[in-house]
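The following pair of complexes shares a single chain, chain A, combined with chain B in the former and chain C in the latter.
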Partner chain A sequence: MSQSWLLAIFLLPLLGAVLNGAIALSVAMARRRVPAATAGAADGSTHGPTLGGPHPAIRSVVSLIGVLLPFASAAIGWAFFAQMLQPAGSRLMTVDLGPWFSAGGLDVHWSFMLDPLSIVMVLVVTTVGSFIHLYSIGYMAEDAGYARYFAYLNLFLAAMLVLVMARDLVLMFVGWEGVGVCSYLLIGFWFEDSVKATAGLKAFVVNRVGDFGFLLGMFLLWWSLVPTGGPTFDLLKLPGVVSVLSGPTATAIALLLFVGAVGKSAQIPLHVWLPDAMAGPTPVSALIHAATMVTAGVYMVSRMHVIYELSHYALPVVGLIGGVTALMAATVACAQTNIKRVIAWSTISQLGYMFMALAANSYGYGIFHLVTHAFFKGLFFLSAGAVIHALHGEEELSRMGGLWKVPQLKGTAIAFAIAALANAGLVPLSGFVSKDAIILAVANHQMPVVLALAWLTAFLTAFYSVRLLLLVFAGDARDPHLAETAHKPGWSMSIALGFLSIGAVVVGGLNWPAELGGQEWFSAFLAPVFGGPVGAPPVPEPHAGAVVGITTGLVLLGILVAWLRYREPAPTLGAPWRGTRAVWTFFWRKWYVDELYGAVVVRPVLALAQGFSTAFDSFLDAVADAFAEIYDRGARVVRLIETGRVRSYGFVMVLGTLALLVVAVVTGRR
Partner chain B sequence: MIPAAGYLMVSAALFFIGAAGFVARRNLFTVLMSIELMLNAVNLAFVTFSRQWGQYGGQIIVLLVIAVAAAEAAVALALVVLLFRNKETLDVDVFGQMRE
Partner chain C sequence: MTNSFPWLSLVLALPLLGAVLVPVLAAREPRGARVVALFSTGITLFATILLALLGFHLNGGFQLQDQVPWIPSLGISYHVGVDGLSMSMLLLNALLVFLATIASWKVSERPVLYYVLLLLLETGVAGVFAARDLVLFFCAWELELIPMYFLIAIWGGARREYAAMKFLLYTLGGSALMLVAFIAIYLQARQNPDIPFASDMSSIFAFYRNYWHSGPMSWAEIPLFLMLFVPFAIKLPSFPFHTWLPDAHVEASTPISVLLAGILLKMGAYGMIRFNWGLFPDLIHQIAPWLIALGVFNILYGAMVASKQQDMKKVIAYSSVSHMGFVIVGLAALNTAGINGAIWQMVSHGLITAMLFLGVGIVYDHTHTRDIGKLGGLAARMPIAAFLFVVAALASLGLPGMSGFLAEFLTFVGAFTAFPIAAAIGAIGIVLTAFYMLWLVQRVYFQGPRPEYAEIGDCTPREAFPMFVLAILVLAIGVYPALLGNTVSAFVHGFMPGLGL
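Up next is the complex of A and B:
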């Protein structure tokens, strides 16, 4: 297969976005015309199913385009992967489509590449993404914006693939912004609801802060590479040239880039947008806000790891932010009462783990957790989506419970349990493998604070995962009527749940830790990218047995505590034990970070804007009004001589002539 | 020989009679005749100066003015007929639509 085929990986979803976008536009235009014509008609029932879902024919076409193209792109990705696995096969493929722009010494090309890191990202994005697309057929079937939804989702896939396949940092930024836009569009997908539209806006604005850091980091990188004579953003050439950077410069660049990662991957202090992003449809939460886009920050830091390694401070900062975020988000997840919010906070927490791995120089483990997380967190969201769909859109835990007894939801319950336990890190599910590897790496790297944070988070993760599982499925239904009317997930949703369930169980096998007798095949595959020794066996952590034992013990303890507390139908979702109400409220209110931002940033800015608006408005209004007044008064005067009578005009003419005559005589001009 | 001042006084008198008629009279025909009167007052002044200074430019202008005045009269009378057909009147003050 020719290397240029790698372009098809992102061009196919882009084609889907264009086609579905065209369909969505024409449907919208047709719909705008129809109500005007039929509004007066007595019976609106004769005019097809325009109110609920789209026309069945349109839905079929949209589904075919929107789902088959991502699967085709995934197939091409797997073909490239197979090629890479050949012993003689090249592990690096590049395509250069020629220059995009060049200014000064900056020469940006439309250049794409596939190396082991990129192909891993491509496979995760296209494979998990395709099944989430498939799932969406069932989940979104009744939505009026069906074609628009698939257009956005395809566009997201294309942007994400550009992000991970870009060979140039500028091109990576294009994908970076592209996924941000799609995230905004899909969070605010139901934009008639102002809360949801605002959530999209919040995600976009918070991400702007991070993107600004990313941009500054790029600028600084460029500026500090100028002395080398050949500054470049080429990701393949960068490792060769960055060694000229001094420590402080590298620290500044690394931290600025990390600000971008913090924004995209929802780490403290820019994590506030991700929980609100749950306003979007649940498959979107699974794809964008769990499996792919939010991991872009992890990918970017891994990609730029050479710069991070030049600095003494950057990676410890990354690890500390990741650790604190993981712990904080896990505590918040313990107290949430909305099914999707729990999972959203859990995502933030797991992303924290990935950054901890990067900080321990174990990029392979970070990326591996990204992969397993894509499976089990995608499954978590999709099975939660199946519950929400079955309960007619209900997301509040207070109206769930007892769903295990609903025969229609048995399959969903099993998928949900696999996801929750994988998320909890139970042996031997995928979540256990990748998380244990990270904790081992952190222990091996002598980072006691981060290790403590990771352990504490492991306990809390197990607790909230099982709490959520039990609150949804155990005991008696808190809303019997809702439970009775629950329906089975459709075929497309079931297939996606089945596939991801298998993935969430077995994917861990790819990188079974060396301490537990594994081969760490995945880390070895990525080793060339991260400059590790190829083929060398990984260094085992000396106290591996103790570390794994403590982690597993903490996980089991968390599961046990949650089981003891929530196995019976909990009468209240509030504080689980007496005396914990204050702490619980603190967690439930998300540590009051939103309130803090509201007081420190949002409200002052709004007040300032209001002030400017009032001041400038009144000033500009006064100026405009003054001109209007002048013209108005003048017009009133001039109107008087505009009589419309020929004789009066004649009279004025005569007077004028006389006046000229007088002037001529008096001044004596000839 | 009558001095040039005499001709000019007649010219001035004719002009002001015409101007007064143009401004004061309401009948369209009278207004038109007043315009002719002013034109001819000016013609008289031209001829007077032409003769006084012995230059022929003034007389040439007069011939031009007569020609233009004839054309103007033809157009104006046609307009008057049309106006009369529209409003059944020759009162100039009635034709004030331009103001609206």
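Up next is the complex of A and C:
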């Protein structure tokens, strides 16, 4: 297969976006002519789908385009992967479509690549992505915006693939912003609900704060490389040239780029957008806000790892942010009462683990957790989506419970349980393998604080995962009527749940830690990208058994505590134990970070803007008007020669100025 | 003096010819004026594109020059010519006037006068970009002013006379300063016997560069610089001379707003590049930090004020203040990337802001209001208009793959190389822009549908066409900037040595 076929990987979803976009616009135009069609748009439910799906024929065409093209893209991705596995096969493929723009030494090309890291990302994005597209056929079937939904979702896939296949940092930024826009459009997909639209806006603006850091990091990188004579953003050339950077410069660049990663991957202090992003349709939460886009920060830091390694401080900061985020998000997840919010906070927490891995120089483990997480967290969201869909859009845990007894939801319950337990890190599910590897790496790397954070988080993760599982399925239904009317997921949703369930169980086998007697096949595959000993089996940790033992003990303890507290017939949602109410409220209110930002950032900026616009700008205007007034008074004095018509006024002015010119010239000639 | 056929002068004369033909051909049927105007602006656009493709070479320098003595005794000549910068601006002008003519299709009040003024405006603006003689430049600058005044004052909104007068007084105030500066420059040049045409811009620039270089910086430079800077800063517009712009936009009709923001503001930037940067290369190096500070302030101030406006047009008007701040920042970076970025921003802002104003015009024509508080939920009723407006908003906030990103990226790469801290502060603008643009989109198009707009229709093909053309261009340039990029970089390549770089 020729290398230029790699372009098809992102061009196919892009084609899908264009075709479905055209269909969406045509449908919208046709619908507009029938005013009654949209009358029932906002039915006030927390679940958004607009009543009345598209014409079945249109829906079929949209589904075919929207789902087959991503699967075709995945197939091409797997073909390239197979090629890479050939003993003689090259592990690097590139395509250069020619220059994009160049100025002042900057020379950016439309150039793409596949190396082991990129292909791993491509496979996750296209494979998990395709199944989530398939799932959407059932989930969105009744939605009036069906074509628009698939257009956005396909566009997202294309942008995400550009992000991971870009050979140039500026081109990576194209994908980076592209996924941000798709995320914005999909969070606010049901834009007629102003809460959902606001959530989209918040996501984009908070991400822009991260992008601000990303851009400054790029500028600083460029500026620092100018003295070398060959500044470049080419990701394949960068490792060769950055070695000239001094420690402090590398630290500054690394941390600025990390600000971008913190925004995209929802780490403290820019994590506030992700929970609100749950306003989008649940498959979107699975694809964008769990499996793929939010991991872009992890990918970017891994891709730029050479710069991080030049600095003594950058990676420790990454690890600390990751660790604190993981713990904080896990505490919040324990107290949430909305099914999607629990999983959203869990995602933030798991992303924290990935950054801990990077900080321990174990990029392979970080990326591996990214892969397993795509499966088990994608599954978590999709099975939660199946519950929400079955309950006609209900997301509040207060109206769930007892669903295990609903025969239509048995399959969903099993998938949900697999996802919850994999998320909890139970042996031997995929979540256990990748998380234990990270904790081992952190222990090996002598990072006691991060290790403590990771352990605490492991305990809490097990607790909230099982709490959620029990609150949804255990005991008696808190809303018997809702439970009675629950329906089975459709075929497309079931296939996706089945595939991801298998994945969530088995993908761990790809990288069973060497300490536990496994073969780290995945790390070995990525080793050429990260070079050196990184990713290869680390020096055997003398206490590896103890570390794994403690982790597993904490996980089991978390599961046990949750089981004891939430197994009874009517588990309660409030503070689980006497005397924990204050701390539970603190967790439930997300540590009051939104309130803090409102008081410290949003309101002051808006007040300043208000001051500028009502006070300052009006003042300037008043000054100008005062000048005009003076001019006007003066003009009245010469009213005799003034006709009052601006027409002649302007004309005379032009003539006058010309005359003045002539006079001046003549006198100047002396 | 003309060596070959005066192609450039012919292209410049086309809209003027149209302005003559409109009253002649449409004497019996005033509604026919728009057809004549459409043909005139269409042919002008076509001719300008042909000129750029066939007559213009990328080897830099001024080309297609026509020069004939005008007032020989005073050393004044009719002299026109184009370089990469002028050519880009002429293309933008021809395109936007053509699209504005389409957007003006429904003008029913005194159509003959309207289209005559529109075509005169096109001539005046083109003259500014092509003039190579001080007197000619000044005449063209003033020629643009008068049609614009009437286009606001006759076809504008409720407070049109106030707004038109404000526009006129601000610009004339600037013109007066410019005139004094021109006279001073002219008199100085005239004392030099080596200069055949004392008001010829090429000769003057060459003369002044040597003149300033020959000695230590003269204090006379600073007042002269300011007399040339203020008129262009008013036109740009830059803080604190920008308050005429929101009023003018609010009162002007949609097509006039398109031209005002799309092309007239570029005259300010163009004047700065030609005169402030071209005539005072040494001084510019010394005051570059102040200019960067001014540009950064414009970016943030414009964005902040835009976020608190209640009138859709005012949001876009203040966004122009913010976006034209990027031009100052890029120019003041005094390096190739920055100046490329600034010129990209001129072109890109012309296209994007035109789209935004067209979008506002569609909303206003269908709902009869621009008050954000009274709007909402329009996307359900006008999906095509919403789609086009969202594209424009995304372009405006600098989404990669569209023209605005290129401009902002190059501007900041350039500025960061020269003034890292100031550039970093200015880059906060990308956060603010995202906020006010998307917030505008949300309050107008998103949220629940309002009953009062239950019956409104989507934009017609005629309304959508100009926005659609601009969207294609914004994307095409964003993805494949070489479409125009070689013209821009050819100019910058020739311009840098003049700055001593």
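Please note the rule applied: the second predicted complex is superposed on the first by the 587 of 670 C-alpha atoms of A that agree within 3 Å, B and C clash if a C-alpha of one lies under 4 Å from a C-alpha of the other, contacts with A are read in each partner's own complex, and residues count from 1 in each chain.
Convention: a residue touches a chain if its C-beta (ideal position, glycine included) is under 8 Å from a C-beta of that chain, and two chains touch if they have at least 3 such contacts.
Keep in mind the model is a prediction, meaning the values are calculated, not measured.
A.B. asks: Under the stated touch criterion, which partner chain does A:P99 make contact with: chain B (first), chain C (second), both, or neither?
C.D. replies: second
A.B. asks: Of the two partners chain B and chain C, indicate the one touching more residues belonging to chain A.
C.D. replies: C
A.B. asks: In the overlay, answer first, second, both or neither for which of chain B and chain C A:G178 touches.
C.D. replies: Only chain C; A:G178 stays clear of chain B.
A.B. asks: In the overlay, answer first, second, both or neither for which of chain B and chain C A:S194 touches.
C.D. replies: In the superposition, A:S194 contacts chain C only.
A.B. asks: Going by the contact rule set out at the top, does A:A28 touch chain B (first), chain C (second), both, or neither?
C.D. replies: A:A28: touches chain C, not chain B.
A.B. asks: So which positions on chain A get touched by both chain B and chain C?
C.D. replies: The answer is residues 646-647, 650-651, 654 of chain A.
A.B. asks: In their shared complex, at which residues does chain A touch chain B?
C.D. replies: 642-647, 650-651, 654
A.B. asks: Along chain A, where are the residues that touch chain C in the complex?
C.D. replies: That would be residues 25, 28-29, 32, 35, 38, 41-42, 99-106, 170, 173-174, 177-178, 181, 184, 188, 191-194, 197-198, 200-201, 204-205, 208-209, 211-212, 215-216, 219-220, 222-223, 226, 605-606, 608-610, 612-614, 617, 620-621, 624, 628, 631, 646-647, 650-651, 653-654, 657-658, 660-662, 664-665, 668-669 of chain A.
A.B. asks: Give the list of chain B residues in touch with chain A in this complex.
C.D. replies: 19, 22-24, 26, 31, 92-93, 95-100
A.B. asks: Inside the complex, what are the residues of chain C that reach chain A?
C.D. replies: 74, 135, 138-139, 142, 145-146, 149-150, 153, 164-166, 168-170, 172, 175-176, 179, 182-183, 186-187, 190, 240, 242-244, 301, 304-305, 307-309, 335-338, 340-341, 377, 379-384, 387, 394, 399-401, 405-406, 409-410, 412-414, 416-417, 420, 423-424, 427-428, 430-431, 434-435, 438-439, 442, 445-449, 454-455, 457-458, 479-482, 485, 489, 492
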